[in-house]
Amino acid sequence: MTIFSSLSMLAATAAPKPMSPILSGPPEALLVLALPILGVILCTLCAIMRVRTRMPAFLTVGCLAAAFAITVGLYLKSGPAPVITSGFEWINLSWGDSAGENSPFHQFIANFSLYLDALTVLWMLFVTGLATLIALYASEYMSGDVGTGYCRFFAAFNLFVFSMSCLVMGDNMLMLFLGWEGVGLCSYLLIGYFYKKPSAVEAAKKAFILNRIGDLGLLMGICLTYVHFGSIEYRDIFAQAQPYIDAAKAGRYSEIPAIVQLIPVLLAVGAFGKSAQLPLYVWLPDAMEGPTPVSALIHAATMVTAGVYLVARMYPLFLLSEIALPLVGWVGALTALFAATIGMAQFDIKRIMAYSTVSQLGYMFAGLGVLTSTGAAFHVVTHAFFKALLFLSCGAIMHGFAGQLDLRKLSGLRRMKGWGIVSLGMLVGCLNLAGFPFTSGFFSKDMLIGEAFVTPGTAPIGWILLLTAGLTAYYTFRVFFRVIVGPVHYEPGDELHSAHEEHAHGDSHNEHAHGDSHNEHAHVEDDHQHHDHGHGGHFHPHAPGWAINTVLLTLSVLSLAASGLYFVPTGVHGGAVPAMVDRSSAAYQSPFAHHAIPEGAGDGGHEGPDHAAETVPSYVPTSIAMEDPHAVEHPHENAGTFLGWDPHAVLFYVSGAVGFIGIFVAYVLHYAGRTTAATARADALLPMLGPIPRWAQHKWYVDEFYNLVVRVPLLALAHTFHLIDKLLVDGLVRMFGAIPRWLGTLIRPTQSGELHGYAAGMATGIAVLLFIVFMLTLR
Amino acid sequence: MIGRLAYLWPEIALFATTCIVMVLGLSRSLPMRKASAWVCGIGLLAALGLSITTTPSGSTVIASGGQAMLPGMAPFAKCLICLVALFLLPLLAGTVDRAEEHRIATGAGVFNPLRSNRAEFYSFFLFSITGLLLVADADNLIWLFLALELTSLPTYIMVAISSERHRAQEAGVKYFFLGALGAAVFLYGFALLYGATGTTNLNAIHESFLSRGISTMAIAGLILSLLGLCFKIAAVPMHFYTADVYQGASAGVAAMLAFVPKTAGFLAMLLILATVGWSSGPGAASLPEPLRLLLWVIAALTMTVGNVLAVLQSSAKRTLAYSSIAHSGYMLVGVIAGPGDGSFTRNGISAVLFYLLGYGVMNLGAFAVLASVEKPASDGGEPRELDSFDDLRGLCRTHPVSGWTMVLCSLSLLGMPPLLGFFGKLPLFTSAIGAGEIPLVLVLGINSAIAAFYYLRLMAMPLLEEPSFRATAPVDNPFVSRRFAGLLSAGGVIVLAVFANLLMKESTAAGRYVARPETASAGAKTEVSVAQDGR
Amino acid sequence: MNTVWTLAQAGYPAALPEATLAHYLFVSAAMFVIGLIGFLTRRNLIIMFLCTELMFQAAGIALVSFSRFHMNMTGQSFVIFIVTVAAAEAAMALALVVLLFRKRESLDAEEWTELKG
Amino acid sequence: MNPDTTAPTPDAASLLDQWMLGLLVLVPLAFALVVAFSPDKRARATALLGTLAAGLLTVVALARFSWSNGAAFQFEHDVHWLPSLGISVSMGADSVSMLLVALTALLGPICVLASWTAITERVRLYFVSFLILQAAMVGVFIARDIIFFYICFEFTLIPMYVLVSQWGSTERKRAATTFFLYTFTGSVITLAGLVYVAWINAGMAPGLYAGSGSWTFQIATLQITASQHMTLSQQSWVLLALLAGFAVKVPLFPVHTWLPLTHTQAPTAGSVILAGVLLKLGTYGIFRFAIPFCPDAFMHYAPVIATLCIIGILYGGLICWVQEDVKKLVAYSSVAHLGFCVLGLAALNVAGLQGSILYMINHGLSTGALFLLVGFMYERYHTRSMKEIGGLAAKMPVWATFMVFFVMASVGLPGLNGFVSEFLCILGTFQASDKWATGVWGSAGTAIPGATAGNLGPWYALVAGSGVIVAAMYLLIMVGKVVFGPLKEPAGHGGAHGHDEHHGHEDAHATEAHLPADLTAREITALLPLAVACLVFGVFPAPLLSALKGPVDQTVALIDTARQIPPPGTPSTQTAAADLRTLEHEPKEASR
């Protein structure tokens, strides 16, 4: 396939050179890690002291806000070169001295140090920022659980922020792995927050285990990196990789050992696990069993982008492999499409959002695969805001309607009292997600799709992404048209999604180990603000309070404003996000982008998607875009086109149009003429599609497939092993153990008690022994 | 010859004591009768002292015409015998005449010398010990034969009279008849040995072997002698009687049977094998091949048969009997290994001598426990000594002294470090490895593991089980001395282990093998047999 | 000491010109085996004991003949001791037999099989 | 070496140093004696005092230990005992020993606390056994004489046998017997191997032989003899003999079946000690004896050993998955975990060895704690079947918190202790390959700075690493069933504190009716040190790693030497080949 050859060529022209890091980074960066830990400790203390107020939430918000403020400070301070803040020694092995070898590689160092470059700061900004906001939101959302559960929630929440910070800020791959697994743990704890609900426990377990599969890939990648480069610290890796980067520049991939080319593939496996890509995505939709703030923060905005972060962070290594980036790109694109098809057929709005998250993560990976790390990073940021917004809005709905999330049972929220801000948030989120023109989602998505067409050989990815964009618009607005607008109708949730029920029991005193109360929804806890909203038509939804509304409003504004991060130039840096990415290890300018910019700059707000690339700052002397003679000489010759036009220029309109079409279809099918909540015009169309909608609704039976292909055989193997262990291994041991007994039984009859028998035995024994001795030795 | 009498003072002392005891036991006065045991003890003490002081060692023996191949063996063996006999004595207290004495004490009868066995019992015991001492002293096949017979004959009777029960008589008859068969076998072996060499003097036989080689007839004689002696040490194929006899005899007598004939057998075996020496054979460092093969097979079979049969038993006494067979197998490993280079770690003979002491002490403890506690007979008859494993249940709680003695002794018998048994087994290990008998060492190791199974039961029953029903709960035997014997042996198991070095040094000297006594007697430099080198 | 066998072979299979050592040894061995077989086949305790005596005396014959062969008296003196011991054993055996007969009214060795296993 | 030659008037400090290790053994023994003769009521407190005293002494020892010189044996002391047999009670500790002694000392009081209410019958015997066990375990780690080592090694069996057999569950007798016989059989063969080495030594070393026949069992001497004067085939046999005992103790794959049985039947404290320390006797034995004595053979057979480990990891892990008994699950997980531990040893490089030794400690902490937790649960519910209990988080939140914490430590979550060791083991295995320069891994001539010589490599690491997934699977499934999910209590378990009668096979548990639903302060006190240690060693393993540097470097240097100098008796062609191999890989070394 051409993508391979072209990518190899591309990478040859476009590998970045790292800058040597400054070793004395700002010490306050450590505070970003320390503050969430402080939060954990405080929440734990609250739990021990049996605090029954919202104290933990506010402590958390305080800690995280402080962390955010420090991060902003880091951002303001950040210079062009990465800086390293040393913490303390974690794992530090050295050897060889005694053997007289002095190779510098006879050591293994993984310290608790921070590597701060722009990419780090970018990620930390939205991680801490969103975490603060979502903590505020959760202070209200989780208020039903005030008590131990509340403390537990916020402790895990803080721990998550800590882990995520480690992941992002660590100066070596093991530190990243620490965060990587740490966020996995927090995800596990928070998905399983409603630990009495078997489905939640199941989902938490699934998330952890599937992540572990990816983690193994990452771990092997780390080992391989270490074995080859003799270090797992980023700065060393990048310095060590320099010869290969040079080789890749010249297109001489044969000089790059297979080991090195394998590293990014292994890392990618890790990334696929954490970022819920094919084939390991199945855990993410189930992870929605967790409380919604968790879904918003962990499973939409931050943790799942860790995979993207990993690829971006190790981008120089990914460029060294002929297969790694195409792999990432294709997996991302296929995941995007696949998840979108499932999302179209779901009825649970939170699940729809979950699949859309998978799909959007696919976009990001596709972006990385088509060589636009900037685009991917930008999409990460915009997605973080609007997806968090969408989830939080869903959460508000869920909170208000007793866990109801079925879009067939909710309708016309806009017209209900107190639901205005939620509706607004929903609208803003949906527009962003659908890629409505001039929203931030539109710009970031457009960048990815455009770049897919620009980069030679990746056009199929572009087409897939374009198609997915249409589907995304459709299913996004399907939710909007059915839930927010239309006739007013609502039904309270059943226990399937009843977070409230669990709220009542998070701090449980066990009054309901009896199954019947599950169905009745009768929880008489006085301080609970949802008074008995269970039965028949007497259910009264309660609108969200100030905390939720504030957060929704803030996020709405932010997600709209996020587009500015790209376009509004900040000094010489260009847009904030590109400027930051450019200053990091993910820095990479497609040589084809140069040629794309000027023509595309049609509209006002669209001043220059690749402005940054055009004006590469002079203090980035090693950027290959400037240096590589090859790129300078033939800047345009390999750039792809979109049906003959310049992709960035045309796609601006095309993807806008696709988005409109999607929204329109959703309007026709799900809003126009709809009189009830349960049915819409779309239902009439379904039979025409045969079994496909049903299959899609059942997620293409992937879970069942995995179950059949992986879990069942493994379980069978486990049972077989258990049987072997009991029968064969232990049986053999017992057999050996039984030999003496058996021998004893065999010769016991000689001890008959009869004098003659004994005498005969003696005589025979003497005879036999004489015979043996004489036969064997005397011949 | 008369000069040798000077070295027989322990035997003479014992004989004198025997005469006194024989008379004392028949006295009409109870204190006098009771004193017979004490007199016995005094005699044994005297013998022990005389053994230590008068028995010459080294070159003096040779000068006086005793056997010269193992010059250090007799003194050590005699001390060891007297010591263990001293331990045995309190255990044997009250074995006979208990009902009779009870009848007299309650006034139901008067003392009747014809019905009293006490005098014979103690004097037979002393006779047997005397015989054993004489075995250690032997330098002549005739002497050896007589000493062996003197050792065994009294034990036949002791078994038969050790209990009123039929079992004792059955044990006696089996022991006697099979013993006679065994004696005939080694006697025939002695005859062939005489025929082959023309002399019955061990030194002369040795010289004959050195000068004229070992003829086939001599080999046949040696083999038959060894096989006959296997009866004494309860080794395959002469082991059949062991369990029945030990079980039928009272526990004290069984303990004696496990020590006295075994020691006699091993000492005799060592003396006879010393004539051929451990320097022939294919590797020039072992017994002649037929003998090595014979002993190898016997050792391996003995260990295995003893252990696998012991595993099956439900009677603790029978188990101990079979374990006694197995221990003979272990010791045979040392016999096969031979003197090595004379150092303790390589000298199988020292190892055997040391093990005999260790085995004597720890085995005695186990039997002492069986003897010191009794359970009431179900039919209301005389209380019986403990026999089955079930009888031992919870002994540590009902009878702490006996229980813990059993625990310690069975652990020591198992070879659990750091108890005496372990340090007995270790030199066997090292000497056999030193002699290159590694397969045999593995057999020994595996057998130790098999043995662990029943010793563990022997340990667990008193320590860990609930005491059995109150109705048949074991009661203390009136003879405190038996418990004392157990205690002695339990203490010995620990104390001797801690201070084992002295004993080891002594047994090293005892196991010294002089391959060419004629040069030694000439006062020339002693030539130690060729040591096996580390290949 | 292959002389013994050499002698035996020299005189064999000649028609027994005179009694050689081999003949005596043969008799001795035969007696020993006969004693053994008797011990194994007879059930009467007294007869069994006599069989063991037979085996003892077989050894005695061998000793005497060897003594003659070696031209020293050691073997013969050995035999005297053997006879003595045999006498002592006989006394013991009879005592035991009497004891046993009292218990069971029988001298059948097979009566005594209580102890086994 | 020999303290007898030190200054005639040693001051108090040096006297203390000299007797430090002896005291570490004697103090528990002395307290055992005291407990034996004190009334039942005071037995618990006395035992606690004893373990605390031992702990205090250990702290003193740790403080006086010169960590910068961790490879050297310190506090050396020789008590002449049986010179005829070449046996002396000779003691000395390097940093590996010290750390394992510290682990033992830490677990001591914890186990006493854990058995406070669980043991109501024959309390004295229990604590006497326990204290003797404690002394024997310390003895194993500080022994510098093979026989002294063996004595302690074997003597752990008896108290453990007593503990399992007397206070275990329904099948305790069988379990205890199996445990004893299995390990005893193995260790007898080990003894044969060790004695064989001593014999070789007596025959080889000219100064020691020459008719005097004075054998020695000094580990230091024998190690030199064994590693330098034995041929490869001799080393192989000795290795086999040593592994016969140590592999059973670890336990490695085909000889592991005693472990689940014993663990399930043992009382809680017994399980804790078994998992925490006793299993480490096997790995410690491999580290202290198998590798230094038979370096060539160990190198040669490292792939075989590693394969067994990997089978153990996956096989044990998968079996865990289908267990219903929580304790059995944790027991099988030990099989899997110790597979990693031995795998690190088989890697024979710094990362692997460091990881492995750390693993010994870490496994002791986390698995020990898991057994404690299971025990606390069992004390309340009298069942460990996942079918009968579930969702205990609702009732025992503190317990649940600890459970999740230690499960995570056991799963190998970074930041907790398990990860560091597991990662290092995997990394060591990954590195340890001579085949980097060929095959699919890269073109010849590529510098592979992170690789070490060895016969394992990435495939081993990959397959072993998949054990990490399996570990997550079974442990989380267990947590999902027992800790989370709807509350499920055994039928007849009335109320929060009650417990049913028909579950108890023993009526020994009469007192725990007083136990509250959640953990008591005493139980938390037992768990907290472990939790703190897990966390601290996860975040700050650096002190441990630097402490272990000395011994590990020494072992690796030994291996390097063995790699370069073939064992005696190797044909010269092989020598040449070995030289070539050396040249290829370590040009600097070869030119040296």
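Order of writing sets the labels: A, B, C and D. Residues in every chain begin at 1.
As a convention for this text, a contact is a pair of C-beta atoms (placed from the backbone, for glycine too) under 8 Å apart; a residue touches a chain by one contact, two chains touch by 3 or more.
Here the structure is a predicted model, which is why all the values come from computation and not from measurement.
Novice: Can you list every chain that touches chain A and also touches chain B?
Specialist: Touches both chain A and chain B: C, D.
Novice: If you average the Cα atoms of each chain, whose average lands nearest the overall Cα average?
Specialist: Taking the mean of all protein C-alpha atoms as reference, the closest chain is D.
Novice: Determine which two chains are connected by the greatest number of contacting C-beta pairs.
Specialist: Contact tally peaks for the chain pair A-D.
Novice: Would you mind checking which chain's C-alpha centre is most distant from the centre of chain C?
Specialist: Looking at centroid distances, A is the chain farthest away.
Novice: Using CA atom averages as chain centres, what separation in Å is found between chain B and chain D?
Specialist: 43
Novice: Report the inter-centroid distance (CA atoms only) between chain C and chain D in whole Å.
Specialist: Chain centroid spacing, chain C to chain D, equals 65 Å.
Novice: Taking each chain's centre as the mean position of its Cα atoms, how many Å separate chain B from chain C?
Specialist: Roughly 27 Å, centre to centre.
Novice: Round to the nearest whole Å and give the separation of the Cα centres of chain A and chain D.
Specialist: Computed value for the inter-centroid distance: 38 Å.
Novice: Two-or-more-chain contact residues of chain A, please, as numbers and ranges.
Specialist: Within chain A, the residues that touch at least two other chains are 748, 751, 753, 755, 759.
Novice: At least two partner chains per residue is the criterion; list those residues in chain C.
Specialist: 36, 39, 48, 109, 112-117 - these are the residues of chain C that touch more than one other chain.
Novice: Please list all residues of chain D that touch 2 or more other chains.
Specialist: 181
Novice: For this structure, enumerate the chain pairs that meet the touch criterion.
Specialist: A-B, A-C, A-D, B-C, B-D
Novice: Contact residues on chain B for chain C in the complex?
Specialist: Checking each residue of chain B against chain C gives 141-142, 145-146, 149, 153, 156-157, 160, 166-167, 169-174, 176-177, 180-181, 183-184, 187-188, 190-192, 194-200, 212, 215-218, 243-244, 247-248, 312-313, 318.
Novice: What residues of chain A sit close enough to touch chain C in their complex?
Specialist: Against chain C, the touching part of chain A is residues 748, 751-756, 759-760, 763.
Novice: Please output the residues of chain D touching chain B within their complex, sorted ascending.
Specialist: Per the touch definition, chain D meets chain B at residues 81-86, 125, 147, 150-151, 154-155, 157-158, 161-162, 165-166, 173, 176-177, 180-181, 184-185, 188-189, 191-192, 195-196, 198-200, 202-204, 209, 211-215.
Novice: Under the definition above, what is the set of chain A residues touching chain B in their complex?
Specialist: Contacts found on chain A: 740-741, 743-745, 747-748, 750-751, 753, 755, 757-759, 761-762, 764-766, 768-770, 772-774, 776-778.
Novice: What part of chain A is in contact with chain D in the complex they form?
Specialist: Touching chain D: residues 88-95, 97-101, 103, 105, 108, 112, 148, 174, 177-178, 180-182, 185, 188-189, 192, 195-196, 198, 200-202, 204-205, 208-209, 212-213, 215-216, 219-220, 223-224, 226-230, 257-260, 505, 508, 510, 513, 714-715, 717-719, 721-722, 725, 729-730, 733, 737 of chain A.
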